[in-house]
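So, here come the structures, one by one.
Each of the next two complexes has chain A plus one more chain, namely chain B in the first and chain C in the second.
On to the complex of A and B.
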């Protein structure tokens, strides 16, 4: 029981890393990023290639995360420009089509170009004893990375003026503009930040087990489910939902298999939309 | 004297309908000017165009020798024109203090100084710093909206229907603060349905009807104008 629970929490934290980016990008720009899982893969594959090229592992991880952010910057400045020119429903639909296309492009390119590339990071110490349980040090490592990333993110959003500006755009974009906040530039910043968080999730996946070029779709879908359950405008809700669904996923995978686990997660998302349309912790941004 | 803020023959359209036609409005430095007129006359459109929320199809908006039309709203604020829209556009899930801090986004180093000024203007905001903006009453939200605009340290304050939805006592209180701001040298452009209040506060008034300027003159003179009396003051 306990090992499954721990696995669930660890995976859940990773899901939160992915989903929080989806939440932020949607909250700020009204674009539901269907290529978000692929950003994680871009970060992870870049890291794997750098390590393969002889770069120091830690440096490669940092560069991989930065690479995912850089890739997100390019996407924001090129592909998403027409979406941001449109408004309301039109922007949402255009964003869906554009990011779906991007996800297919990334998947296709990576699978074709680097078919056997996978990111597997091994820690020197395989496991440690934690309160009577043997816990893989990789689990502790990935969890610490995720928790640290959240603390930094929440500190940024709550304490800094730019972070408050980000939240203000989510709540009222017109009001933010009238305060002198450039919503377009802030959106770019958030896309880069979300890309880096996704890249971090990708690298963490490599630490936890293994990250392959074909995992983008799965990451995107899991991230979307978590974002929906957490409430697509609530950051704290997304964090909570990630851990919760990670646990559900771990138990479901263990007892009924991964295929049914996916269906159970989708059911959870469906029930949330019906019962609490604005998410677990609505508006508690 | 030359105007610090001027619209030159602006035309604004929503789709095919023009909402403003050839509107020229001038505001001098330190002057308070009101725009009155029936619902749908184009008052809000005029203020939104100056604020950079809307773009004019024709004509220019000039502030202190700089063209404003075509600039996005966040740039206009930086030039010193703050706009309090009728919808207030506050951040409902943020505290009063956070709303005010964001008002000073264009000049964060002046936050404390401007905060003291705003609290002096509306002491009630000081008592409510930790309250979420969305949970405040209409009157308090209006004060917060004006306070947030003043946090930018503007030279020109534009207000759209600040009295709407407020109890008469609060309206009187708010107008008292506006006249204090005017006395302190702030330039004010006000759109208002409550004509007597607007005329009492301001030096000059434009009457906007069907998207065009119908009448303009010193507010004192308009207060005595029989046509204004009949149309806007409800007097026979």
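On to the complex of A and C.
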């Protein structure tokens, strides 16, 4: 029981890390980023290519994460311009379709150009004894990365002026602009941040197991499920939903098989939208 | 005057049907090109259905593949397990697809979901469908799929007759679309696609309109999916995947023109040409789909249907400027 629980929490933290970028972008600009998983792949593939090119592993990981952020910056300045120019329902629709197109664009390119590139960081990862249970140190590493990322993110949003500006836009875009906050620049900043978080999730996945170019869709879907169950505007909700769904997934995979486990996650997202669109676990916005 | 106006669409429909009926002659007996044309007809029929759902009532269904596949699997599994004729089981599949579509629409309208959440709910359903098919290995053979060749729908497996079966379905779909659009419901569609709130205030039952559009559209999607199951000779989940059906149909409809009568036909033709052009590049077709989706949605929302009108307007403006 306990090993499955630990496994679930580890997976769950990974899921939260993957999903929090979707939450941030949607909360801030109303764009539901369907290319978020592909951003993670961009970061992971960049890292794998750099390592393949002889760059030091740690430097490659940092550069991969920064690369995903840079890619997000380009996306923000080009693709999302028409979306942010629109308002209301039209912006939601444009954001959805444009990022769907972007996800296909990235998937098509990466699968064509780097069909067999996979990020597998073969770090020496001995298992350690944690309270009587053997846990892979890679699991601890990725979990620590996720927890650290969340602490930094929450600190940024709560303590810094820019973070407060972000929260004010999430609450009311027009109101924030009336107070002199530049919504466009803040959105760019958040998109870059969310791209870097996605890249971090991709690199962490490579550390934990393996990351291939074909996993983008799966990442996007998983991130979407977690973001939706967490209530696509709440960061705490995303963290809680990720851990919860990770545990559910671990137990379901163990007892009823992976197909049914995935169906359970999808049903959770569907039911959340239908029953409580603000999220099952949203308690702080 | 009104009699003439009501006959004009039928005339253009007849012309379209005639051109499509003669098209196999242009292939010069090539089985490959006839197959491409048959696929084109299937795409056109999908797009007519999606036009009702998305073009007119703004419901972003990202589960066309799942609906088509659901209908196909219901029909094929029933035919195989109970040794029934496919022609008897196809209506069951179509009914399931229509009912599911209507259910999604009803629930979405009742819960007041916006476009984006309808998109997520239906996307989740798409993935559930894929996993159910993979999980029910005993009935569906998982990823390997089911061979449908010897189940008894031979009309759909011989070369020219299968083409005309799909043509019949497409013309039927277009006639149904015309009949719907000319009824009171059609007027309501036009009103609510302009502004839902105003339509509601004018006494239109917006919920009913949306559910009917989604139900009819989904049943039609199911019909195409079921026919395709017997035509292709083999069904597996990837035949009805998101990229294979939903994305392709979305691009087809955007190419042709959202909410127009002949948009799905023009878009289907254009999409078939594009597909043939990118075929040599293998995996890159997904990239082309993505680029098309972005460009079409941002810059070409009116579609090919609007091109002659725009060209005429430009010509007129040019003349006026010259004179």
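Heads up, the rule we're going with is that the second predicted complex is superposed on the first by the 280 of 285 C-alpha atoms of A that agree within 3 Å, B and C clash if a C-alpha of one lies under 4 Å from a C-alpha of the other, contacts with A are read in each partner's own complex, and residues count from 1 in each chain.
Methods note: a residue touches a chain if its C-beta (ideal position, glycine included) is under 8 Å from a C-beta of that chain, and two chains touch if they have at least 3 such contacts.
Treat the numbers as computed from the prediction; the structure is a model and nothing was measured.
Novice: A:154 in the overlay: touching chain B, chain C, both, or neither? Say first, second, both or neither.
Specialist: In the superposition, A:154 contacts neither chain B nor chain C.
Novice: Touching A:168, do we find chain B (first), chain C (second), both, or neither?
Specialist: First partner only.
Novice: For A:86, using the defined touch cut-off, is the partner it touches chain B, chain C, both, or neither? Pick first, second, both or neither.
Specialist: Touch status of A:86: no partner.
Novice: On the superposed three-chain arrangement, identify whether chain B or chain C touches more chain A residues.
Specialist: C
Novice: In the superposed arrangement, which partner chain does A:177 touch: chain B (first), chain C (second), both, or neither?
Specialist: first
Novice: Let me test your reading of the model: by the given contact rule, A:118 touches which partner, first (chain B), second (chain C), both or neither?
Specialist: neither
Novice: Counting only touches as set out at the top, which of chain B and chain C does A:55 meet: first, second, both, neither?
Specialist: A:55: touches no partner chain.
Novice: Please indicate which partner A:4 is in contact with in the superposed arrangement: first for chain B, second for chain C, both, or neither.
Specialist: A:4 sits against neither chain B nor chain C.
Novice: Where on chain C does chain A make contact in their complex?
Specialist: Contact set of chain C toward chain A: 60, 107, 111, 113-117, 119-121, 123-125, 127-128, 131-132, 134-135, 243, 247, 250, 281-294, 297-298.
Novice: Give the list of chain A residues in touch with chain C in this complex.
Specialist: Interface residues on the chain A side: 32, 79, 82, 89, 92-94, 96-98, 100-109, 111-112, 115, 221, 224-225, 228, 257, 259-260, 262-263, 266-267, 269-270, 273-274, 277.
Novice: So in the complex, which bits of chain A are touching chain B?
Specialist: 161, 164-165, 167-168, 171-172, 174-183, 283, 285
Novice: Quick one: which bits of chain B touch chain A in the complex? Just the residue numbers, please.
Specialist: Residues in contact with chain A: 51, 53, 72-74, 77-78, 82-83, 85, 87-94, 98, 101-103, 105-106, 108, 148-149, 152.
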